[in-house]
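Below, chain A partners chain B and then partners chain C, in two separate complexes.
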Partner chain A sequence: MSQYNAPLRDMHFVMKELAGLEQVVQLPGYEEVDTDLSDAILEEASKFAGNVLSPINFSGDQEGSKWHNKAVTVPAGFKEAYTQFAENGWTALACSPEFGGQGLPKLISTAVNEMWKSANMAFSLCPMLTTGAIEALMTAGSDALKQKFLPKMVSGEWTGTMNLTEPSAGSDLAAVRTRAEPQGDGSYKIFGQKIFITYGDHNMTENIVHLVLARLPNAPEGVKGISLFVVPKFMVKDDGSLGERNDAYCVSIEHKLGIHASPTAVMAFGDHGGAVGYLVGEENRGLEYMFIMMNAARFAVGMEGVALAERAYQQAVWYAKDRIQGTELGVRGGPKVSILKHPDVRRLLMSMRSQTEAARALAYVVAAAMDAAKHHPDEAVRAANQAFADLMIPVVKGHSTEMSIEVASEGVQVHGGMGFIEETGAAQHLRDARITAIYEGTTAIQANDLIGRKMAREGGATIKAVIAEMRKLDAKLAAQNGADFVAIRKRFAAGVDALEQAANWIVAIFKDDIKAAHAGSVPFLRLLGIVAGGWQMARAALVAQEKIAGGDSDPFYAAKIVTARFFADHQLTKAQGLTDSIVDGATGTLALAEELF
Partner chain B sequence: MHIVVCIKQVPDSAQIRVHPVTNTIMRQGVPAIINPYDLFAIEAALALKDQLGGKVTVLTMGPPQAEPALRKALSYGCDEAVLVTDKLFAGADTLATSYVLASAIKTLHQETPVDLVFTGKQTIDGDTAQVGPGVAKRLELELLTYVSRIVSVDQAANSIRVERRAEGGVQVLETRLPALITMLEGSNEIRFGSAPDMFRAARAEVCVWDRNAAGIEDIKKVGLKGSPTIVSRVFVPSPRAQKAQQIEFDAANPEAATQTLLDKVLVEIPKVKKQLDQTRDNKRASRSAGERHE
Partner chain C sequence: MSQYNAPLRDMHFVMKELAGLEQVVQLPGYEEVDTDLSDAILEEASKFAGNVLSPINFSGDQEGSKWHNKAVTVPAGFKEAYTQFAENGWTALACSPEFGGQGLPKLISTAVNEMWKSANMAFSLCPMLTTGAIEALMTAGSDALKQKFLPKMVSGEWTGTMNLTEPSAGSDLAAVRTRAEPQGDGSYKIFGQKIFITYGDHNMTENIVHLVLARLPNAPEGVKGISLFVVPKFMVKDDGSLGERNDAYCVSIEHKLGIHASPTAVMAFGDHGGAVGYLVGEENRGLEYMFIMMNAARFAVGMEGVALAERAYQQAVWYAKDRIQGTELGVRGGPKVSILKHPDVRRLLMSMRSQTEAARALAYVVAAAMDAAKHHPDEAVRAANQAFADLMIPVVKGHSTEMSIEVASEGVQVHGGMGFIEETGAAQHLRDARITAIYEGTTAIQANDLIGRKMAREGGATIKAVIAEMRKLDAKLAAQNGADFVAIRKRFAAGVDALEQAANWIVAIFKDDIKAAHAGSVPFLRLLGIVAGGWQMARAALVAQEKIAGGDSDPFYAAKIVTARFFADHQLTKAQGLTDSIVDGATGTLALAEELF
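What follows is the complex of A and B.
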């Protein structure tokens, strides 16, 4: 089994050459950051990921988190790794300096987070959820709540959870039934059950801060009647020390397909008289606060897709180089060779590699747009970047995660029979990847958001602007010599044509036949993911070509052009097929009468 | 406790190439790193600081480009960094380098008395292991080389006890402070840099000292002028033309095997035969001389 080795070369390349790290660190608010600091952080993070988190990934999966008597014990090594993680300040990377954080740009924290997710996705979920809870409190919490909870959450001494889902309130949160009763002293008592609570209980820290969606008495029906509460595992006294155990218990954990080390809790609030909670922000605005964080959370899960695809690729390459089987095609009586010599193994590896690199490039570019949307001094630039990020976040989430499942499956295939055996390590990545296309909004939820809120509602203005931007690359591609660029240019142009055709169709039909539009929403999300990925790979090839022309002999650049060419020939060629499915496929999807299923 | 760690920025030898014609190191495009042996010195110093408090100052002599190595050291938790740099220092050998470092440490000592100086056992580019002892001698510090473990520091008694790897065993040594310690590789593992320390390192001011600031008294002792070492020739050893031979023998008959082996050696290496013959003749001569005495 291979250990994780952070792809620093590609990360630096994408950050600097495609996502514009130089410009990002110039933005107001990031005065403390420069590219040297970014390099230093990535280097140390890569060591931590490779040496501390990666070695407990497989053992954590095999052992799993254990539940006993309303308490969860994480697998061996997790508590120690978490303590070191927090001590080294990694929990605070993107948090506001006001509460002890480092306030790093999204672009840099994205690369660092990719490493945690690649090295040990089950571990990474705990700090990720904590970050979400921190942002919710930061956005809407009162000063008193912030002072009470934030410093210890930012420092990692306490972790955070997000309690949204209930047995009958999943994708449809309007059905939340957990209730909150005012106590007259400013606090509330919370009663109800929440499910799928990631790290809802564990033994890594002395306290856990739960953010819980619940209904106040007489609250309006539906989404407009949900409020947000902080419910600590242990009460926090005014001097900051811990008080009594709160009535919030983990009553069981789920048995899952993957991420076994990450405890997925069933939380019971108020079984013994009521869990003490405090209102975050205003009454009945809980969902709204949650939606503020939705983009960040969805983007983070999209990065899980990139990260797992990377890890699966590394494992597959390691095995393909090591495994000797058969002779090389066309070499009669030749020696036995590693399977890396076999064309189909190469096809699988190039498929994994090119899709991973494309997804990483797109995600980092979107991260940089999120930085600009927040910090750029020019309001018009902020707005344009926000629109771009809003359009692309469902794509990063939906496409990268679906891609990671396919890539992890290809990784298993590279291993042959050994891939089906757990001890080899390839299977875990496939199992772990499977959840990413489900939680934080399934792929269909992302796709519906994409074609509805992000496209149809604005008449396709942003997608059209993005397509126009893509077309600008054509002249630059045409100016390059060589068969690789001829192929990249041709495939990319065809891909953009297909994307434009599908986008126009969806925007046009959305009002007249909303079901037909939604029947094609997921294929459209994949189409945009592929063409936008091809766009970034074409940009990468142009930069690489420029470096080579300038005398740079780093083999990374030649490999980048080869990879971009492969992506053009093997992924961009799918674009027209997807468009045909979107434009013509709704009939077949919707025609059958229900009783025929 | 004030601890000074002397480090050197070196090209990453794992990524280095040698120019095929001039036989000099091709530094272009090779990333610069902290001399790996110095990382053991940094960790040893930081561990002592964790235990006893005080501060760790990291010191290097080098070109202005050596600053990132100092920032890296700060990101591990070192408190202050000093870069001693001056055009006059160029071309320094170990004698001149130890003079400059000793002068700088003396200057640091005037501000905050220095209790301990750490260096790596040697550098991966020079491999001389001379600079540490050179500094110790000039500053009249107690010198402990090839130290594999710091056992204890007794601040009241102003003494330190260490383990030193020696041939055939481990020596336990105790001496008084101030002392200079060169740390052996593998004696510890450098910690991970923490995010807050990385931010601090990026913002921290690295003191840049020229010859005056470093307190150099005699400029004839620095740089090329102060370096008596002369590189007379640099060459790549040519590979041997001979190939290894396999000598067949019968394992059941060791005497015959020994005879075969000896014959082969004596034929292949006439010098050995000559020496053997000589020894035999001498023995005979002395024996016959002895016989005469009887």
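What follows is the complex of A and C.
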């Protein structure tokens, strides 16, 4: 089994050449940051990921978190790794300096987070959920709540959780039934059961801060009657020390396909008299606060897709170089060779590599847009970047995660029979990847958000602007010599044409036949993911060509052009077929009578 | 969790309307068989599959087979189920009547075997491997060996295994190192270790008959120096009773991603002085005998793909009808509905359904061709059917299995978060399906066989004949009314065009640039799988339309047309993109220097 080795070369390239790190660090608010600091942080993170987190990834999967008597114990090494993680300041990376964070640009924290996710996805979920809880408190919490909870969450001394789902309230949070009863002293008692709570309990820290969606008495039905509460595992006294155990217990954990080290808790609030909670923000606005954080959370899960694809690729390359089997094609009686020589193994590896690089490039570009949307001095620039990020986040989430499942499965295939044996490690990446297309909103939820709120609602303004931007690349691609650029240009142009046809159809049909539009939403999300990935790969190839023309002999650049060409000929070629399925496919999707399924 | 319910309606339709059951049962050698008998057998098999095998599928997965002290114990219920399976005569279904078998047509045994695989794939592997061992002995065994072993294998009293793989000899069997030493009395002593031996040990029967590939002293290197031996677990005396324990032991079993109930054994032969074995057929012809059986084994694994896709579909439909979440699209404030109403859930289910039905139809048509290839009185008809089956078996194997992984993953997606929880059962189908694209030759091995032995070697004669046959459907499709047939005709015609373009390219390039041809072999296999599936779905739609026109009000027919239409708009639409990747994609696949991976 291979250990994770952060792809620093590609990360730096994407950050600097595609996502504009130079411009990002010049944004107001990032005065303390420069590209040297960014390089140094990535270097340190790569060591922690490779040396501390990666080695406990497989063992953590095999051992799993264990539940006993309402408490969860994480696998061997996790508590020690977490302590070190927090002590090294990694929990505070993107948090506000006001509460002890380092306030780094999203672009930099995105690259760092990719490393945690690649090295040990199950581990990475704990700080990821904590970040979500921190953001919820930052967004809407009172000063008192912030002062009480944020410093220790930012420092990593305490972790956070997000308690949304209930057995009957999954994708449809309007159905939340957990109750909150005012106690007259400003606090509430919470009663109800939540499921699928990531790191709902664990033994890595002394306290856990649960954020819980619940209904107040007489709250309106549906999404407008849900409030957000903070419910600590242990009560926090005014001096910051821990008080009594709160009535919030993990009553079981799930037996899952993957991420075994990450406990997925069933949480019981109020089984012994009521869990003490504090209202975050205003009554009945809980779901609204959640939606503010949703983009960040969805983006983070999209990065899990990129990260798992990268890890699966590294494992598959390691095996393909190591495994000797058969002779080289066309060389009769030749020596036995590594399977990397076999064309279909190369096809699988190039497929994994090119899709991972494309998804990383798109995600980092979106991260930089989030930085600009928040910090750029020009309001119009902020708005344009926000619109771009809003459009692309469901794509980063939905496409990267679906891609990672396919890529992890390709990784298993590279291993042949050994891929099916757990000790090889390839299968874990497939099992872990499978959840990413489900949680934080399934791919269909992302796709419906994409075609509805992000496209139809504004008449397709942003997607049209993006398509216009894509088309600008054509002249630059046409100006290059060589078959690689001929191929990239041809496939990318055809991909953009297909995307435009599908986007126009979606925007037009949305008003007239909303079901037909939604029947094509996931294929459209995949189409946009492929074409936007091809866009970034074409941009990357152009930069690489420029470097080569300038005399740079780093073989990274030639490899980037080959990888972009592969992506063009093997991914962009899917575009028109997807458009055909979107535009013509709704009838077949919707026609069958329910009883005939 | 749902239990398996055999899709008898579709099975009967495919057998009778597409695969020509009426013609098959009239072939010489099948005098005892008619369609009534076929119906009765399927009915009985469906009961056994649904009532006996399906209920121990999930429990078998969770418990797994256990190894202790060189012996394997199967999960609870497996031994009892196996005993009943054998007593009911299911092991003997397709075996020769000469040794107690029922000699049924391949077409009928294919449908029956699909049920075992759907109901409990891990269980089904034991009789499947036994069938392989029976066929090897039938093919090449001496009369004495046949008399000694076959009756009890056919009756199911003993099971069989196939011992091919060694740690350094996986896809490349030329590297087999297990030795066989002649003892002078006509027997041999076998020394070596074999891995990945399915049901290499178990406690369901009193004896196990291992077929083992090994090298004789001074055998030529490579594939022409491998002989086949039969090595029983317990020696068999002349009176048929069991003698001493042979020196063939299971020294461990693998920890796998799926098929946990099926023990995958590491077998040690000869660690205690040598395992007694008997030569099957002639010296150094072992691999040749294996290849004779290979088509049957590969077809059988292809049926696992069909079967797992069917099971995953049934589970997903059951959940989608049961799960209430959200309101119907476009119905604001309406009641909560089952998720079957949501367009993307329908899209996933239609994708699963249409691909499963297409793959079943193609496989059954190929099964009928195998029957005709063996039994038709006209030699030219036999040869044509054999050529068709030879061409299509790698497609049935490679495409159905890859499809089943995608379909099982779609099944997980339909379940949302519950899909990731093992108790739901959906994840097991994905884990089980993952091996099918690997064992009995990976998809690349199938694809290389397809483009090499089955196409290039004969200048593409058979694929061209198949394409010509496909084109004949156009006039019939054109003669139908309605948008469904317009869509099916258009997409199928475009698919056949794309297939022809790719096939011509493969045949032409094979001589000039064998690596480029192989870089496209798997995409070509998938392309042929899709277009051939579309062909069968178009045939099915035509039959359905004829039934409807004839006044048959069975809603099955309308559903078949909708399903064919969905397949056309969502699968056949992929054809041209695949062709583009095949024809233009080799450069990107092969260009990257090895050290840059």
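Here is the rule we use: the second predicted complex is superposed on the first by the 597 of 597 C-alpha atoms of A that agree within 3 Å, B and C clash if a C-alpha of one lies under 4 Å from a C-alpha of the other, contacts with A are read in each partner's own complex, and residues count from 1 in each chain.
FYI, a contact is a pair of C-beta atoms (placed from the backbone, for glycine too) under 8 Å apart; a residue touches a chain by one contact, two chains touch by 3 or more.
As the structure is a prediction and not an experimental result, all values here were calculated from the model.
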item	value
First, second, both or neither for A:40, with chain B first and chain C second	first
A:93 touches, of chain B and chain C: first, second, both or neither?	first
Chain B versus chain C as contact partner of A:476, first or second or both or neither	neither
Partner chain(s) touched by A:84 [first = chain B, second = chain C, both, neither]	first
First, second, both or neither for A:336, with chain B first and chain C second	second
Contacts of A:175 with chain B and chain C, given as first, second, both or neither	second
Which superposed partner A:102 touches (first chain B, second chain C, both, neither)	first
Chain touching more of chain A, residue-wise (chain B, chain C)	C
Common interface residues of chain A - those touching chain B in one complex and chain C in the other	none
Chain C to chain A touching residues, read off their complex	165, 168, 170-172, 175, 196, 254-258, 317, 320-321, 324-327, 329-330, 336, 340-347, 349-350, 353, 405, 409, 412-413, 416-417, 419-423, 427, 430-431, 434-435, 437-439, 442-444, 447-448, 483-484, 487, 491, 514-516, 518-519, 521-523, 555-556, 558-559, 562-563, 565-570, 573-578, 580-581, 584-594, 596-597
Parts of chain B lying in touch with chain A, wherever the complex brings them together	68, 71-72, 75, 192-199, 201-203
Chain B partner contacts - residues on chain A that touch it in the complex	32-34, 36-37, 40-41, 44, 47-48, 52, 84, 87-90, 92-93, 102
